[in-house]
Amino acid sequence: MLQHRLGALAFSLVSVATFLLCSCARSRSANDSSPGSEPFFTPAHPTVANAVKEFLGWRATPIQPIAFPHNKHIANGIACMVCHTGVSKGPVAGIPSDKLCMRCHEFLASDRAEVKKVAGYFNSGLDVPWQRVYGFSPSAHVKFNHAPHIRAGVDCSRCHGDVTNMTVAVRAVQINMGFCLGCHRAQQASTDCVTCHF
Amino acid sequence: MAQTAEQIQRDLLRPVLDPSRRAKPVIAGLALLVLAGFSAWMYQMYTGIGVAGIRRPVFWGFYITNFVFWIGISHAGTLISAILRLSNATWRRPITRCAEVITVFALLIGAMFPLIHLGRPWLAFWLAPYPNQRGLWPNYRSPLLWDFFAINTYLIGSLIFLLLPLIPDCALLRDNVTGWRNKLYSLLSLGWRGTQKQWHRLEAAMHIMAILIIPVAVSVHTIVSWDFAMTPVPMWHSTIFAPYFVAGAIFSGIAALIIAMVFLRSSLHLEEYLRPECFDNLGKLLLVMSLLWFYFLFAERLTTWYGNARPEIAVFWLTQRGPYRHLFWVMVGCNFVLPFPLLAIKKLRTIAGTFLASVAVVIGMWIERYLIIVPSLSHKFLPYAWGTYRPTWVEITITAATFCGMALLYLLFSEVVPVVSIWELKAGLREPVR
Amino acid sequence: MSHCWGMAVDLDRCTGCGACVIACQAENNVPTVGEEAAQKSRTMHWIRIERYYEGEFPNPRVRFRPVLCQQCDNAPCEPVCPTYASYHTSEGLNGQVYNRCIGTRYCANACPYTVRTFNFFNPVWDKPLHLQLNPEVSVRQIGVMEKCTFCIQRIKASEIQAKAENRALREGEPVPACVQSCPPKALVFGDLNDPDSEVSRLARSPRGAKLLSELGTQPKITYLQRDSWDGPNS
Amino acid sequence: MERRDFLKFGVLTGATATLTACEKPVQQLVRFVPEEDFVPGVATWKPSLCTLCPAGCGVTVRIMDGEAEVVRNGQRGILKMGLAKKLEGNARHPVNRGKLCARGQAGLQVTYHPDRVSGPLKRSSSRGSGDFQEIGWPEALSEVVTKLAELRSQQQADSIRFVTGEMRGHRRELINQFLASLGAPAAVQFAPLDEPVLRRANVLAFGRAAMPSFDLERANYVISFGADFLGTWNSPVAQSIGYGEMRRGRPGNRGKFVQVEQRMSQTGANADEWVPSSPGSEGLLALGLAHVIVKEGLRSNPTEINSSREVEEKLKDETYSPTQIATRTGISANRIERLAREMAAHPPSIAVIGGTPLAQTNGLFNALAVNLLNMVLGSIGSPGGMFFAPGASTVKEASSANQSVDFVAQVLSGGLENAEVLFLDNTNPVFAMPPSWQVSQKMKRTPFIVSFGRFMDETSVLADLILPDHSPLESWLDDVPESGTSEAVFTLAAPAMRPLHNTRAMPDVLLEIAHSLGGSVSEALPWKTFEEMLQASYRELARAERCHPTDGFEKFWGRMLEQGGWWDGQCQIHSPESPALEFQAPEFVPPRFDGSEQEFPFYFQPYVAEAFLDGSLAHLPWMQELPDALSTVMWGSWLELNPKTAEKLQIQQGDLIQVRSRHGSLETPAVLNPAIAFDVVAMPMGQGHAQFGRYAAQRGANPMSVVAPLQVEQVGSLAWAATRVSLSRTGRKGRLSLASGALYEQEKELELR
């Protein structure tokens, strides 16, 4: 990332200055910054500030609607794949629907404040709006597939850090293309661009 | 040749030390137009490159036309001044700096256009080779990358070529001003004291630069032409393009130089220095280039027509008889029919005559770039995918703004340093007129 | 064994119905651009059906020809890209790496088939139309060039699946969306490295020809020319 | 088993079966797919059914887990659910065998359309103003129930009208039972894509009121009279599959295909020979061909009918000789003779008729003549010939198959004005009928209109109450394809995804209304839901399945849902029934046209647009941006005319043209088409919507606005190709988005756009 930024700054004043002014190219008005409320979907950056942050690789820490304690669940012997069901089967590990939460929490610890929040969503017929912790920015145009990595024996912690000690999941590993390539090279996996970018 | 060294110094320092008030509104007006162009660019960045008129299949339009045009204009300077310096033509003394300045500014403007035209200009730095975590380098096979290096090399070279002969004049200015300007000129004069050793080194450096800059300049426009000639696009994929482009570049460069000189002459009262024989000589040069240009055009058109290959002939007829025919004949008129008599007949080769011819050539050469780019792209191989191109106000504003920008930069420059080299003219006094 | 994906287009079967166009649009998140942009021919379809008239009334003829990226072996689009956004993949396809694209549009100029489309603006889907987007394919952003990928996501998915099952790819696997949808089976897709595959067989047909073969781009798509009727056994 | 019998069975047993099951009216009508555990990021494929055109193709829906923004209990939030991502043909379905046309694939956008009616609406100001207010389902339903109860108590149930679009399967059965139980007249179908003329001709010729199917795979010679069978007509996917095989599926044997029409259609573009006969003379040409074949004794394997001898005698009459008809058809005698000899020499041959020739005033004659040509060619029911699919309706249904004609009759006889309550389902007559019939004005006088429309179209906007139906992907569907297959097929599909909006399935709503009305109505419709009704009916099929003994209904039902229906190639119920015994050679009737030749020099031929059909798909952005196959126009309407005609009138591509008939005028840009007769202008149907969502509304012009209200003789349906028009320049340029930059590939053509 450092080189990336240095390269950006080193290149020319023009590119950075103009970029800072307006690097977010958008097709509609950017006044409304809250995502999801617009009547249309677009991969455009919602604001200029947003575009600048992404360019420089700064990512906001996601704020979860519910303080989910990973450590407690893992300590109770629940394996990652119980909730992240897709991880060995397909591209997406998946965040479970609140129906899965309620399978246990209808009875277990149902008096806790955070569990009540889950129940609240469940009863209204909606799902918990979890925020992604990892995931790639749309402008990376990356399609990551979990299953082949699991099959190749890559441990979850390799990319996600030691979740056993986390409450709410945090981005413990900075995943960028160099990180991916490092491993791919070491494992002699394909480094062809279209392996991931399509 | 009645001037004395003092007179020269007085006349030529005047615009710098005591700038005319009349220039102020002109500068303000030009600045406003440049700002309009800049705003248009910002608007384009914010909204998207789609506000330009480019479309499928004409993916390159006004911006690349401007790019080629301005890079062409930049050949005025350095090349002419370098050749004239090397051939030691005495009439070059008052015009070399005008010419070198054109080069630098035209290059700066020209180099902006690839950025303006990019879909994602904020990522332009990926063209520069630098080590990165992705392990990626730019593609050295791409003519655009050659461009990137050629233009940067040329820009650096031209800057040095401009700044080197500025040193003695800056030292002169340093000694005549105070305050922040003194600091600026001190910096630019690089501690010039006028010792014999320094003069000797300056002459040597200028000689080396003059020799180096010629192949660089030729290579720049050759590579610009290869942006086109390397691709299998009808009428682009041509071996004639490199010399055609270089000739066209020098052609339009000389015209731009003449225009600049006419303006400088009247606005800065340099009638004594930019004398008619300068224009006469440049006029002759322009005539040669006009003939050369026409020869290239004829050769290009004839071979295409005679060859009668299907995709090429479609483009050929598109410009000859199709919707681009008006532009084509305007181009021929501007680049040959009008300038030829004006420059060939000695009586007409006056300052006014060469000026008129030059204006025509600049317009004609801009159209020439446009006609090279747009018709070929609009009629590629599969007729179903044929299309048209129409510029939008954004492109037109930005284009207009760059012309204003050129004028503005030139005006400002003429207020900062003498546009005619004082020491070279002084040196000219010492040697016999040839 | 490595694969060399190729396609055969039987123009004698093609009816010009447009099923492939929509199949591709649905599979690859190709946006609609609206009337104003369509008027400027800025539509994004990765495959188009060219229509050419021949002759005049009362004896007119029409030829249809689906044109998509020809996945040239000797592709003019690849060397011109200054950032390797357009490059040759290890399986011989003309890859287009969206995130590496800076939008010079040089590749689109160089492409003699005019099959590359450019995101002049960010694509927009009126909600909830965005729910139709295929999560297996990127939604491209502004300033990025795109084009037919031979449904690389399907190829990759098949390869991953085959590897997981520890077997080779089967004939008829993978299938791009256009080929899958084509009612008269004018489009055939497969591995050109396998001499017994249907596409290899068709590529050897005497009716076969490459589009603009004179340019030496060596496309991986073979067009089987339309036949004429001059008797019962023609 | 016949479809008709099956439906009867189902309904009967359903009634008895549910006597025990019927406890109390159900509360929850909104039904979801049973909770499923989707593996995130992994696609599941579910069978469904395409309802966008009458072909009835089977589809599979690619479902993936996703997050939809929804409103639940008044709360906006996200919901993880299975979302349809793509539609493909169901590989096992006998009609489309894994293939799907452009329109069918775009059906996905019906579900996700931003302008779907998302909940029940009630009119809040004057009729047609388009002002509606949202109301809840209970209020909306009670309003309908009150109205119906009132009518019933006043013995006025016969003033209830129910107009549907193309409708088959149990949906129609339910509507009819509902109406019957109320004592109301049967539902009337208004489907502009239907071919009532051909059905009538098939009744007269073969005793079948059905659309024909064609064995193109095995045919060696196909002559089509105006039928766009590869594009939009009948069962285009099935026919395209067959066409592909006819062309290249049999090594060394490539069939010939001849198209007879005045404006080259997408289908005509694929023909080996294109025969531009004059408008309305198609039947005469067919008789001319039959004349040559009979006269020269070229018949190899004719279909035997009782009246063969008389028909033959009649055909031998000199009135049908090529020289006699050459002037009228515009085709030279030599060419007619050659064509006749060719088709007789290369059996099996098929003659097809559809579209424009059937929309002439003499459409019935044209259809009968082509049917006769088929008999002469011996193509009825033989391999490589034409046949009727086992599921096709029988003569018993002849009257109900004529329902679109009935709608015209209703409109003309004041049936609409007399209605007290009008139900509208999946139909848009205001848009698709000529304005001179004043459908809209007549509907405005109806006191109470209920629409089940998913979109606000020109007809729904007149309604008092809109009870939006689920999208097809959210509904239980079943269908019996009428053509395109030689197998008995029952397509059945469960909802592929949960509803996005606050909509309810129309059949469920009808059932709920029936239960609320109580009494005999409730008893006649005892099922809680449409799903239950389907189960009850298909239980009969499971019992009657002759070829494979089944292992219980549950397994049978599960298998049906898994593969998308029931069909069995072994169980072919062979169709070619003997042609009607007393079929006569039809008498030539010349076509009539509205408007004089001097004042209105051009024949005006609207045609079914590849992308929009009759206009019912104009709201889909994918379809709007799909370049038309021939003109390559997107996002608009256009008028096609010959470049020579245009030159004469000094019209250039893109000029805005005024098209004027005796009944109205419209403006649309001109598109040059070298493959159209000099005296014909053509215009696609489907654009010119006043309503119908953001992508369709106020776009282009509707050709119906100039169509004369002429009817097909002896049938009564609209003769939409029988209008003459004049053209004039407006001096302005029209909005025209063309995908194509050139008409010709080879010639040095420089003019663009």
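Residue numbering begins at 1 within each chain, and the chains themselves are lettered A, B, C and D in the order written.
Heads up, the rule we're going with is that a contact is a pair of C-beta atoms (placed from the backbone, for glycine too) under 8 Å apart; a residue touches a chain by one contact, two chains touch by 3 or more.
Owing to the predicted nature of the structure, the values given are computational and were not obtained by experimental measurement.
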Chain occupying the middle, per Cα centroid: C
Centre-to-centre distance between chain C and chain B (centres being mean Cα positions), rounded to whole Å: 43
Cα-centroid distance, chain A relative to chain B, in whole angstrom: 50
Approximate Å spacing (C-alpha centroids) for the pair chain B, chain D: 65
Separation of mean Cα positions, chain C and chain A [Å, integer]: 32
Junction residues of chain B - those touching two or more other chains: 47-49, 120-121, 124, 382-385, 387
Set of chain A residues in contact with two or more other chains: 25-27, 39, 91-92
Per-residue overlap in chain C, given as positions that touch at least 2 other chains: 41, 43, 48, 50-52, 84, 100, 121-122, 126-127, 129-130, 133, 135, 142-143
Pairwise touch network: line, ring, star, complete, or other: complete
Interfacial residue positions of chain C with respect to chain B in the complex: 37, 40-43, 48, 50-52, 65, 67, 76, 79-84, 100-106, 108-110, 112-114, 117-122, 142-145, 211-212, 215, 217
Touch list for chain B against partner chain A, complex: 41-42, 45-49, 112, 115, 120-122, 124-125, 128, 130-135
Sites on chain C touched by chain A in the complex: 84, 87, 89-90, 93, 95, 97-100, 121-127, 129-130, 133, 135-143, 149, 152-153, 156, 160, 163-164
Residues on chain B engaged by chain C in the complex (per definition of touch): 47-50, 53-57, 59-60, 114, 117-121, 123-124, 126-127, 136, 138-139, 141-145, 148, 227, 230-233, 377, 380-385, 387
Residues of chain B touching chain D in the complex: 313-314, 317-318, 321-323, 378, 382-388
